[in-house]
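Down below are the structures I want you to see.
In what comes next, chain A is part of two complexes: it sits with chain B in the first one and with chain C in the second one.
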Partner chain A sequence: MNSNELDRMLGKAAVPERSDAYWGSFPGRVVRRIETAGAPPARTRLWQLGFASAFAACCGLVIGFVLWHRNARELDDYAAMRDGRTLRALEDQYPGRLQSIIRDASGLHTQLSGDAAPARSDPVWLEIEDGGDRRVVVTYSGQLVRCRGKDVMVLSDAGGQVILVGDGFLWSRQATSGLGNALRIQAEDISYSRAHQARSPQL
Partner chain B sequence: MKAIRLVFLLFPAAVLAAADSAPKGASIAVFDFKTDWHTDFKLGVTDAGEPFASLLAIDLSGLPPFTMVERAEVQKEQELRKVALDSPMAPKEAAELGASLDASVLVSGRLYKSGSDLIAAAKVMSAETGQVSGTVVKGDISKPMSELVSRLAIQVGDIIRAQQGSPPAEWKSAMIVGTSGAVPPSAGDSPTYVESIDGTKIADAAAGWNQSRPLLPGVHEIVIKHEALPNNFERQLLFIAKPGAAYEVKCLLFQRQRLGITIREIGSDDPVTVILVPPKAQDSWGAPFLPGWTFDSEATPGNFQAGMPIPIPASAHGK
Partner chain C sequence: MGRTMPAVGPATEGIHPVLPPIQQRMVTDDERILIARSKAGDLEAFAELVRTHQRMIYSLAYRMSGSAAAAEDLAQETFILAHTKLAAFRGDSKCSSWLYRIAINLCLRWRKSEQRRGLADGEWALEQAPSDSGENTGARVQEALARLSPKLRAAVILTAYDGLTHAEAASVLGCAEKTLSGRLFSARRQLAEILRVSNA
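Moving on to the complex of A and B:
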């Protein structure tokens, strides 16, 4: 069909006939339609909102549970290092060879000696925060740990105090030398604190 | 730091004597402490860790029932094996070192300077079990190190006892007190008293001459004064305080002609140390007046205020 044929056909077409009643109610119908055309039906909107809320709550619960569980596991790991559970488990696994256990950003590591050394000094728990780097170390008095790029020796005394000593480096609760501002150290003689707790009356 | 230099001159015999006379307990080898140039400079001594270790050995020898390994032997081994505080040592290696020195305990350490403080850290390793412990003490770097060493010796002693499974010992402080009444009376009736202990002046020392002053067991640098004697006679002395002992400083006449000031244990006639008072300013310090006791050649009549102590005879180092 070309353009002339289309014009001829449209010229012959007649307007559909409507009743008077139809044309009488026509404006009212147009006005009602305009008023309701912008908003979706009320029932549909509530359902979607409820679904979204429930979904968000579920997501929140799941995320919260995962975070809580992960945090609890991390806390439990730290507690196990501090109270000596990790040490005992690894001592059983590597009898006489365990030098230190280190937990840092990359996970848990152990340092073992080449040959079994039967002598054991007091176990010591250390937390070393150097800038953004945080490490928890469980080792024995007389062993070396890395601190501020230096190998320093961990020593504990008869009263449960811990000191770190090295070339130009000393840390203890009473005195320090050669430490920077960003370095924070906490230390505890695990055997002493355990023995001390055992002697303390149970309240 | 004259006191540090004196340690070399006066005390090797003291350690040996103590080692011979003490009952058998832990046999301790004290290695030279390490220092850095900064600490040495502040102390005014090259390798200050060496006299520090000697003083520590003397102090430990006074804590029963410990015995000491001769320091010269220990220093030889230290040269060979490079023993240091921050060098780890395997139990097997410690056992070998202990066997070669006939020592059951190995003590090494390091000195640090931190601001106006001198800090001494010591490592105590059992040559028998390989157990390692350590301790630290802090004091004023401008004061004599005697008091610091005494505190360290007691802490090291406690660690050794703990390593041996023994309860902590009660090494009681010694006491020292002045006396009044000079001999001969021409020297006046004023008291002979302790003016300062380890560089700390005693407040109202003359008025409180009869008050007992506590001293930790070990070597101490004390200044004794007698105002009635020429030039307000004042001398600095090093002497070794035994745990729980009571001492008095007294002005005495020796061999009927030489006035001297002595520290002696109360109830004993045996002086721990003696310093003679020249009869007149021009007098020389003279020859030894007791067998085995000598005067230091540096002491001159014109050097009245810089008195040198007389070496402590071996018999004075009882346990």
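Moving on to the complex of A and C:
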């Protein structure tokens, strides 16, 4: 069967005729159904409401889980930095090259030197809160960290005292200068505090 | 009455459309006014819109469902649904295209629900429209159409019977023009084969 024959045959399939009375009353029947229907059936609306509620609850659960997971991971990161686990793991991975580990809102970062340094000073833990930003840094005495857009040197003495020194900037537990009101710093020599904790039970 | 109108305008792929092509059924100013009044809640104006398009939608529903009773229900449902969606109709497409889209979607959904009940294809052959030639050809064509998948059938009906261009039919069916052309090619090949076998 060629295309023309098919077209001719398709043209022969007619739709049953309806009377003029039928077509005359058809719009009226539609309008009557619209008038009686009014608002959509309550069952539909309940179903939609139920579906929307279930969907919102699922979204809430997912968002809650993500936030909880993120918070738990953040806390775990801070704890691992504080007790030296992160430091040991990264030192093993990059022997002599690790300069600092930084945990901020965007995650965990490391700063590495190009060459391995033969001797390392004591590790220092720093927590810097500047307004709403919180940053935890584990670095070594003698390294530079950024604070309020300035490079600040981290120094620790034999007694475990930590000092941050920069251009017009000084911070220690006893004295501070050049810091704004919103800047809050905590610092600790991790190796000194660990050694001190290890000795304490024997005293 | 609408079904016996002479074929006018350019035929699609050589098929003679029974209704005038959609280009000749442009939205008139009167129709715009009726739509605006209907949006404002004037049911009399909406009834006038129904009157304008009722045969077109009924024919589409009949060819898609194969049942006069189902076609009446589907045509009514189409206009009721159109009334609920009237506020969203911005008039950037033709009123007829918009109604076609609603009707086709309803028919496809109806086909699915009927197939789940195992009814649709069985009813098709029982209701045979009188053919123009007075022979059984019309019924055989409708049976052949019934054997096509709903999407292939919709493509044939919109282009061959309602005279839509490929672009218009693709827009109504929500597919690409290439997809529509592919469906038409496949549908025509299947139809030719079914009719050849039934003729033998």
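Before moving on, here are some points about what is shown:
What we mean here is this: the second predicted complex is superposed on the first by the 128 of 203 C-alpha atoms of A that agree within 3 Å, B and C clash if a C-alpha of one lies under 4 Å from a C-alpha of the other, contacts with A are read in each partner's own complex, and residues count from 1 in each chain.
The criterion applied here is as follows: contacts are C-beta pairs under 8 Å (C-beta built on N, C-alpha and C of every residue); 3 or more make two chains touch, one makes a residue touch a chain.
Values in this document were obtained by computation on a predicted structure and should not be read as measured data.
Once the two complexes are overlaid on the shared chain, A:Ala79 sits clear of chain B and of chain C alike. Applying the stated contact rule after C-alpha superposition, one finds that A:Val152 touches chain B and leaves chain C untouched. By the touch criterion defined above, A:Cys59 lies against neither chain B nor chain C after alignment on the C-alpha atoms of chain A. Contact with chain C, but none with chain B, is seen for A:Ser3 once the two complexes are overlaid on the shared chain.
By the document's definition of touching, of the two partners only chain C reaches A:Pro16; chain B does not. When the shared chain is aligned, chain B comes close enough to touch A:Asp167, but chain C does not. Once the two complexes are overlaid on the shared chain, A:Arg33 sits against chain C while remaining clear of chain B.
Chain A has no residue lying at the interface with chain B in one structure and with chain C in the other. Of all residues in chain A, only 117-122, 140-144, 151-153, 155-159, 161, 163, 165-168, 170, 172, 174-178 touch chain B in the complex they form. Here chain B touches chain A in the complex through residues 36, 85-86, 88-92, 110, 112-114, 117, 119, 121, 123, 125, 129-136, 138, 155, 158-159, 161-162, 168, going by the rule given at the top.
Across the complex, chain C is touched by residues 1, 3-4, 6-7, 9-18, 23, 26-31, 33-35, 37, 40 of chain A.
Against chain A, in their complex, chain C makes its touches with residues 1, 3-4, 7, 11, 13-16, 18, 43, 46-48, 50-51, 54-55, 58-59, 62-63, 68, 75-76, 79-80, 83-84, 127, 129-133, 135, 137-142, 145, 156, 160-161, 188, 191-192, 195-196, 199.
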